[in-house]
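Please find one structure pasted underneath; my questions will follow.
Note that the chains take the letters A, B, C and D in the order they are written out, and that residue 1 is the start of every chain.
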Amino acid sequence: MTEVIVLNGGSSSGKSGIAWCLQAVLPDSWLALGTDTLVEAMPASMQASDAGIEFAADGGVIVGAEFRTLEAAWIEGVAAMARAGARVIVDEVFLGGAEAQQRWLGALRDLRVLWVGVRCDSAVAAGREVARGNRVVGMAASQADVVHQGVVYDLEVDTTHAESMECARTIAAHVR
Amino acid sequence: MTEVIVLNGGSSSGKSGIAWCLQAVLPDSWLALGTDTLVEAMPASMQASDAGIEFAADGGVIVGAEFRTLEAAWIEGVAAMARAGARVIVDEVFLGGAEAQQRWLGALRDLRVLWVGVRCDSAVAAGREVARGNRVVGMAASQADVVHQGVVYDLEVDTTHAESMECARTIAAHVR
Amino acid sequence: MTEVIVLNGGSSSGKSGIAWCLQAVLPDSWLALGTDTLVEAMPASMQASDAGIEFAADGGVIVGAEFRTLEAAWIEGVAAMARAGARVIVDEVFLGGAEAQQRWLGALRDLRVLWVGVRCDSAVAAGREVARGNRVVGMAASQADVVHQGVVYDLEVDTTHAESMECARTIAAHVR
Amino acid sequence: MTEVIVLNGGSSSGKSGIAWCLQAVLPDSWLALGTDTLVEAMPASMQASDAGIEFAADGGVIVGAEFRTLEAAWIEGVAAMARAGARVIVDEVFLGGAEAQQRWLGALRDLRVLWVGVRCDSAVAAGREVARGNRVVGMAASQADVVHQGVVYDLEVDTTHAESMECARTIAAHVR
């Protein structure tokens, strides 16, 4: 039985939409947690500090040491939720590519995980970023490719021409 | 010179995304206002009362007498903003079709308006409604067609297979 | 009959809470509109540009020429809504003090307006700003006094020691 | 060293505000997680179903079996985060009073926890619920007392007359 689904993709690639659709089409009740949940749980001051996250004007994102510490504990906790019986969809942005996947691989080592890459053409993602009213534009383009570098998947979907619901059905067909 | 762009379409048809993109691609600064702005400005108690708006379990929407009174004044005010020099994008859901358009036609009679129909296949809109995490599902499907009944447009776009940005560029080409 | 209630106060002074309470306690249905509504209606790009609004790291706010143009039209439109029969609560931050009031006085000249100052001790407002999870801290303190400079009121309330609901009842007692 | 701070109080009692202030005044970086985080992570369909959460018109809240299953796993996961080195503020509503505390006591048994009761006069909380623009009113009043029944605290704060920041400083003084 699949215990965790990890969705990895850049900003505005459509991960969250797919997560909502997965929750709707999968037979059991799944929790959807992700980078956004973690960032919201952090102190507001970490949003713009050396220790936390920095959103550069060009859409780049830099995270500091305290962010990494809290993130490591967060990952352990999400794994513990799955071990305790919750089926979990993880909605992630592997800014460091393969290195970021390693962090999750370690914590999820004893769990059955479906690794899913969520791709989206860089220009299309950039357009969707504008369509969502984002004030800082550029994150979608800067993350589109780097988040997939060296990452190994069981399955990849591409939202460039496919709806979130369609991608969710494709993924759901691989969930045991 | 186009003074007002009216975007009419059902829930989850993509109007707001197109409005954000229009604001990004049009040379001047346009205000984007719409049904959502009006509803948020109303008393919270009107959200679930006979006088205000009622969201039925199947996605239907019923509005009462007090809603109509405030809406009529709102429409006059938006027209006045355009007359006072703001270029305005109106993001609307013509629940009553042609009758709803009449309300705006009256208020905007002396202004140069570009009327745009935003279509989306009903099943696709329903999928996008789920992908946005909406708790009440059904509004997209129930509104997809009725909002266009008897409405006259200068231009129609269809988001079923086109991105918001692409639709926005098509519309922008008609703005003088 | 009072047609417009203008609430003026600094960020985190409690204006929005009072506006929600006024909508609940006043017998008729009032629209609540304000600076936040206007800012959300503006292009996202104006949030961080010379032409639009700039939020300084210390909480200061600078607005540019295009902001002023859209704001002037917005004010005319809100006045037109009141003239067309909607009773309106305006939730404002008079960054320019008396000069900002002049802009509204001109547009509302023929309407019966209740001018209300919403005061809050600077240190208390700064604490509430933190309690709301604001990322940029400092706006509450920097605006607490300047927004009232030279502004003339019919009535003043102070949220330092009074609840929003209590302030709303005080204001409501002055509404004819 | 305090590893977890549990804040328990009814809706609109001011827990979230205190949590934001604690994150600002405590020397380390703390994660703030709570009922709201969990509910947002659940499938949208569970918001209004027998299996999930039901918000009654009078402000009552009923949760079903699937909610309890996911909640149990969530609690284990939050405990695991604390064990893995994140200091965590838990922002909770013990709808079942002592029984709800038992669920957390079990999971947090080996951790140093500061149990904090967040009280607020029922009528004041009800007023603040309106001031926050809530559509469904009644939750604050119905939860004000029941959430504390049989619950044991290290410390209690009362937001009726004290600011969030003041309460946060009182709590912080008990954090080792």
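One rule holds for everything that comes next: a contact is a pair of C-beta atoms (placed from the backbone, for glycine too) under 8 Å apart; a residue touches a chain by one contact, two chains touch by 3 or more.
It should be emphasised that the depicted structure is a prediction, and the values quoted were computed from it without experimental measurement.
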{"item": "Contacts common to subunit A and subunit B (chain labels)", "value": "C, D"}
{"item": "Length of the shortest touching-chain route, subunit A through to subunit C", "value": "1"}
{"item": "Which of C-D and B-C has more C-beta contact pairs", "value": "B-C"}
{"item": "Copy pair subunit B, subunit D: interface residue numbering same or different (half cut)", "value": "same"}
{"item": "Chain at maximum distance from subunit D, centres defined as averaged CA atoms", "value": "B"}
{"item": "Cα-centroid distance, subunit B relative to subunit C, in whole angstrom", "value": "27"}
{"item": "Separation of mean Cα positions, subunit D and subunit B [Å, integer]", "value": "38"}
{"item": "Centroid distance [mean C-alpha coordinates] between subunit D and subunit C, Å", "value": "32"}
{"item": "Multi-partner residues of subunit B (each touching 2 or more other chains)", "value": "20, 24, 44-45, 130, 133"}
{"item": "For the subunit A and subunit B complex, residues of the former touching the latter", "value": "14, 16-18, 20-21, 24, 124, 127-128, 130-133, 163-166"}
{"item": "Footprint of subunit B on subunit C - complex, ascending", "value": "20, 23-24, 29-33, 37-38, 40-46, 51-52, 66, 69-70, 72-74, 76-86"}
{"item": "Complex contacts: residues of subunit A adjacent to subunit C", "value": "44-45, 47-48, 130, 133-137"}
